[in-house]
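We just call them A, B, C and D in the order they show up, numbering each chain from 1.
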Amino acid sequence: MPNVAILGASGYTGAELVRMLATHPQMKIAALSADRKAGMSMAEVFPHLRHLNLPKLVKIDEIDFASVDLAFCALPHATTQEVVSALPRDLKIVDLSADFRLRDPAAYAQWYGREHSALDLQQDAVYGLTEFYRDAIKGARLVAGTGCNAATGLYAVLPLLEAGVIDPDEIVISLVTGVSGAGRSAKENLLHAEVSEGTGPYALTGHRHSAEFEQEFSKAAGRAVACTFMPHLLPQNRGILASVYVKGDAVAIHAALQDRYAREPFLEVLPYGDAPATRHVRGSNFCHLGVVADRREGRAIVFSTLDNLVKGASGQALQNANLVLGLEETAGLMQAPLFP
Amino acid sequence: MPNVAILGASGYTGAELVRMLATHPQMKIAALSADRKAGMSMAEVFPHLRHLNLPKLVKIDEIDFASVDLAFCALPHATTQEVVSALPRDLKIVDLSADFRLRDPAAYAQWYGREHSALDLQQDAVYGLTEFYRDAIKGARLVAGTGCNAATGLYAVLPLLEAGVIDPDEIVISLVTGVSGAGRSAKENLLHAEVSEGTGPYALTGHRHSAEFEQEFSKAAGRAVACTFMPHLLPQNRGILASVYVKGDAVAIHAALQDRYAREPFLEVLPYGDAPATRHVRGSNFCHLGVVADRREGRAIVFSTLDNLVKGASGQALQNANLVLGLEETAGLMQAPLFP
Amino acid sequence: MPNVAILGASGYTGAELVRMLATHPQMKIAALSADRKAGMSMAEVFPHLRHLNLPKLVKIDEIDFASVDLAFCALPHATTQEVVSALPRDLKIVDLSADFRLRDPAAYAQWYGREHSALDLQQDAVYGLTEFYRDAIKGARLVAGTGCNAATGLYAVLPLLEAGVIDPDEIVISLVTGVSGAGRSAKENLLHAEVSEGTGPYALTGHRHSAEFEQEFSKAAGRAVACTFMPHLLPQNRGILASVYVKGDAVAIHAALQDRYAREPFLEVLPYGDAPATRHVRGSNFCHLGVVADRREGRAIVFSTLDNLVKGASGQALQNANLVLGLEETAGLMQAPLFP
Amino acid sequence: MPNVAILGASGYTGAELVRMLATHPQMKIAALSADRKAGMSMAEVFPHLRHLNLPKLVKIDEIDFASVDLAFCALPHATTQEVVSALPRDLKIVDLSADFRLRDPAAYAQWYGREHSALDLQQDAVYGLTEFYRDAIKGARLVAGTGCNAATGLYAVLPLLEAGVIDPDEIVISLVTGVSGAGRSAKENLLHAEVSEGTGPYALTGHRHSAEFEQEFSKAAGRAVACTFMPHLLPQNRGILASVYVKGDAVAIHAALQDRYAREPFLEVLPYGDAPATRHVRGSNFCHLGVVADRREGRAIVFSTLDNLVKGASGQALQNANLVLGLEETAGLMQAPLFP
C-alpha cells in the first residue's frame, strides 16, 4: 500500500484529504505537516477527525521522504515553489496550490505579482483537470491542481470550444462560491457576521483564475480566447455554481456536454432544460452540469456546480494521485453528496 | 393624518408595510385584511409586531373604505384584479402585485397565463419605479409596484439606455435573490434544509420579470430591446444582487449612473471600481450601485443591490404612497440598513 | 450479499440510507418505496443521488419481499404500524419511526394520541440504541430506532445513571437541533425565512422524546426517573447538541463516560473540560461527548452532539441492520464528518 | 439639540449607534473616533451608512469635547478605563464596555484578570439595566452598559427574585447567542465556515457575565446567589435566547413578569405558555419574554430574547443616553423588529 504525506495539513484542503483518505482502501497516511502547528495532533486542529489514528503534525523537514511514495502539497503559492524545489526529485507530487498551473511564466508573473522561481519544475507539471489531461497525469511527476473556480467553469466550457458549438468571443462566466474556498484564514471579510445575508462580488480588478480560463480556453479553441469572469462570495460554506452565458445553440451545447462526459464517473450532465444546484454535490467529487436555452435565440446558459473543497481541490487531487500511483481512479471518491 | 388600509397583511410584504408605518409620522393604519386569518391579531401572525397597537385582521368586505384614503394592496396577482375592481373608484391604490405592471395586455396574457380581466384599470395604472415615473405617480389613482428583481435590474440599466452608453442588444442580467421574495408560502423548495448551502438557478424557462425588463428597456431605448435574465435562489432571507454584463465604456457608464441619480435620496452610486453587497442595504429602502471595467476592453459590469422586501416591494410602495398623498417622499423611509 | 428495501425512500432519512448504502460493501438495494412518488426515479426526487444506479420508486405492495432480507422502514408513525403488520413475519425490519420505541402501550397512547394497533409486534421490538442493546439487536426481528433527540440525551446520561454518579432527580436537558430532523415537509415554521436568524424553543407542552428519556432513564436507574427536556430549533440543517445540567462530580462523570464508551467505535469522549460542537460530527455516525464542571460545586454540564440524520436516524439504523444481518457493525459507516 | 460623540465607532456597536442616531430626532453626531481607522470615512468602514452625512473618523484626542454633551464609549475594556479617566469630568458618558459594570473591585480583578485602575470613576457608575436603575441613570454622570448575555438573563430572572417566586439556589441559564456579540474581530472561531452548521458551547471555564448575574441576583434576593450559566455560539448574526430553568410555580412566575413589566415600553411578556424567538426582536430594542410549565411539577422554564447589538448594547445605551439628557426615553428606539 503506497504511503502518502500531506504537506500543509492544517488547512481545509489538508483536512479534506485526510477525510477522504480515512476510507481510501489503498493509501496510507505516513506523514502530516503543518509548520506553525507542528507538535499538535490533528484532533486538536480538526476535532472532526479525532476518531482517526493519525500521525502527529510535524515540520516538513522532519519527514523522512524515503518512505513516502507521493506527497500532497496543500501550501500557499510562492511557498510551494520553495518547498517543492527542496523535495527529492523522485517523489511524486500532487500540488493544490497555484504555483504550477500556468505554463507561461509571464502569465504567472502578471497574475501572482512575482517571478516564478522554479521554472524547471514548471516544465514537468501537468495541469490537473483530470478529464482533459488523464493520460499525461498517469505519467506525471508533478500534477498541478486547478483553481476551484477554474475547474467549475472549464467543465462547462471546454467541450463546447472543442466541439465548436459556441462563439469563443462571447463567454461570460458569472460565478458564486462558498467561503471555504478562501481557506481557514482569520479575515474580516470571511466572518459569519459579514458573510451571512451579505452576498457580493469580489476580485473586482480581475481574479487570478482568469489566467487558467484563458490558458485552457485558448488551447481548446486553437487560438487566443479571453472571457468575462466575475466571482461572487456566497453565504454558504461549500459549493461553486458557474452560470455561463454563451452564444450557440442550446441543444447542440447540451449534446456536446453529453458526448464529452458520457463515460466520466464524476461528471453528470442533467437532462436538457434542467439545472444543477450546489446542494446536490456537497461533500462529493461530482460535478453537475445543465443547459437551458436563453429566451433570445441563439444563446444559451450553461450551469456547472461542484464542491470547491472536493472536486475543486482535494477530491481532484486524490483522483489524480490515484492515477499517478496506478490505482483505480475512483478509489476513495465514490461517497455520495451530503444532502441536506 | 391620512388613513391607510393594507389588504393582504398576513404576508411578508404586508408585515413590512406595518413595520415601516409603525414609525411613519403621517399615516395611520385604519384597517388590515387577511382572508384566511381574519379574526386573528397581527401579533398572532407576526409576533415581531406585538408591541404595536394594531387593528385586528378582517376580511376585505368588512372594511369601511369611506374612511380610508389609500389602500396598499399586497395580494396575489389575478386575485388583485378582482379585488381592485370592486373597490371604490375614488380610493387611491398602491398595488404590490404583478397585475398592473405590464401595459400590453398580450404580454400579460403570455407571462401570466390568463387574460387580464380589468383592462380599464390597467389604463389608469402608473408603473411604480419611482425615480422614473415620479411625476405620473404624484397624480396617479393606481400605482403598480414593480417586480423586485425587475427594480434591481432596471436601476442598473435604464440610465445607460437613456444615455446611450451601452449596446442595447448585449445585456446579460445574472441575478441572485434571497428567499423572502417568494413570500411566506410553505413550499418544499423554500425550506431551510433545501435552501441553506443550496444555491441554484430557478425559473429556467423564463422569469416573469423579463416582461418588465423588456417593457422598460424598450421604452428607454426607443426601440424593442430583449435581454438575457437569469435569477438564482440564494441561502439568505433578504437581498437581491444583479450583476449586469454590458458592452460599453465603464467610465461612461459610471458617469451616466452618477448623473442620473445625483439627487435621488435612495440611490447610492459607489465610487468607480467599487461594488455593492446585499449586507449593506438590508432592511432599508436604499439601492446601491457599482461599476467595474471588465478585463475585456469595451465591456463593463454593473452591480445593483436592494432589499427585495423594502425597495423591491413595501418600501417602494410606501415611497409611492407618500407621493400620491402629497407627503414628503422620504417620510418613514430613512431607516439605515441593518448590518450585520 | 443481503438484499435490502427502503420503505419511505422519498424523505430525508430514506435518502440518507441510500447515501450510506451507496458505499456499503455488503448490502444491495433491492427496492425503494414512496407512495406518492411511485413511478419516479430517485434522481428526480433527490438529484444528489443521480450518479447511482437505483431501482425506481414503487408502492410498497409492488415489492417482492421474498427476495428481500431486511427492510428499513422510514415511514411516519401510525402508518408504520399498519405497514409493518402487513409485511411477511420472517422479514427483518429496522424501523425509524416512533411506533415501536415505547414498551408501555399507555405511554404510547399518551404521547402519540392514539391506541397502538400492533401490540404483538411491539413485544418483539428491541430499542435501537445500539451501544445499550447490542446483544438483543443481534437477534432481533424488529429494531425500533430511537428518536434523534432521545439518542443525543441518552448517550450523555445513561452511563451516569448506571454508574450512580448523578442525582437522578436533577436532570435538565436543554437541546438545540437543526431543521432536517423535522423532515422534508413543507411547513411554514421550517421555511428558510423563518428559521434563519430565528432560534426559539418548540414543543412547549412537552416533546414526545420525553417518553424515551423516562423509559430508559428509569430502566438505568432502577426506579422512576423524570427529567426536564426542552428542545430548540436552530438555523442549521443538521446536528443536535444536548447540554445536560446535572448534580454530580464532573470528574467522576467524565470517568463514567470514558469507561462506558472506551471500546465503542462511534462514541468519542473528549478530554475533561473540553466540549463538542455540531460541526465536528456532521454527516457522520459519530457522537461526541464532553464534560465541564459548573462553577457551582457538585454540579456539572455534559454535552452530547450527533448528526440527527445519521447517528440519530439512518446511520443508527444501518448500524443495527449490520448487527441483525451478522455483518461487521461498522460496515459502510466509517465516513469521517464533513467539515467545514 | 445635544451633541454626542461615539468613541470606538468602527466596531459593530459603534455602527449600531450611528444607525439609530440617524433617525433620532434630538441628538446630533458631533464626532466619531476610531484609533486605527482615523482619517477614514464611515462609508469606507461601514458602507451601509454611506447615505449619511457623518463626521470623519478621528483619534480621540482630536475631538473638542467642549462642544460635546455626551460620549458613547464603545471601546474594549481596560482601554476604556484609561480613556474615560482622561475625559473632562463634566462630560456625560454612556459606556458599553465591561469596565464599570462590577461594583466590587475584587470581582473585577477576578473576572478580568487585572486590577481596576479607575476605582474613583467606578464609584460614580450606575449599572445600565434601564428598567431596574432608571432613576439613578437619570442623574448619572457615567452609565455602565450591561453585558448582552447578562441583560438577557437578568430580564428573565430579576422580577422572580424580587417577587420571591423562585428558589434562588436553583437557577440554570442555558443561553444561545449570535456571533455579532463577539464583535468585528478577525478570529478563526468566528469565520462563517466555522460557525455555520457549527453550534457549540463556549467560555467553558466560566463566562464573565456570570459576575453580573451574581451581583444583580444577590442584590435582588437580598443574599448571595450563584447560578449556572452556559453560553453557546449560534450560526446567526444577531439574537440571544436565554432558556432559564427554575424551581417555582409557572403561573406565579408569569404573573410576576407581567406585573413588573406592565408599563415598560420595550419589555413584552407573551401570553402564558407561549415562547419567544430571536427572529421577532431582530434589529430592535425589544425584549420578549415567555414562561412555560415544566412537565415536572413545581418547575418552570423562562425564555428571554433580545438583539445583542440593540437592547443588549447600543439600543440600551441610547435609551440610557435619552434619560441622562432628559429626553424622551424611547426617542429613536421605536423601530419595529426586522422580520424575516
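Just a few scattered comments:
Keep in mind that, in the parts below, a residue touches a chain if its C-beta (ideal position, glycine included) is under 8 Å from a C-beta of that chain, and two chains touch if they have at least 3 such contacts.
Source: prediction; values computed, not measured.
Relative to chain A, the most remote chain by averaged C-alpha coordinates is D. Should one ask which of B-C and A-C has more C-beta pairs in contact, the pair is A-C. Separating the centre of chain C from that of chain D, both taken as means of CA atoms, is a distance of 39 Å. Chain centres here are Cα averages; for chain A and chain C they lie 35 Å apart. For the pair chain B and chain C, the distance between mean C-alpha positions equals 45 Å. Counting partner chains per residue, chain A has residues 12, 178, 180, 193-194, 196-197, 235-238, 276-277, 279, 282, 340 touching two or more of them.
Of all residues in chain D, those touching chain B in their complex are 12, 15, 18-19, 22-23, 46-52, 180, 197, 237-238, 265-266, 268, 270, 276-277, 279-284, 286, 288, 334-340.
Contacts from chain A toward chain D in the complex involve residues 12, 178-180, 184, 186-188, 190-197, 235-237.
On the chain D side of its complex with chain C, the touching residues are 172, 174, 176, 178, 193-194, 196-201, 204-206, 210, 226-230, 232, 234-239, 241, 243, 245, 273-279, 282, 292, 294-296, 299, 301, 303, 305, 340.
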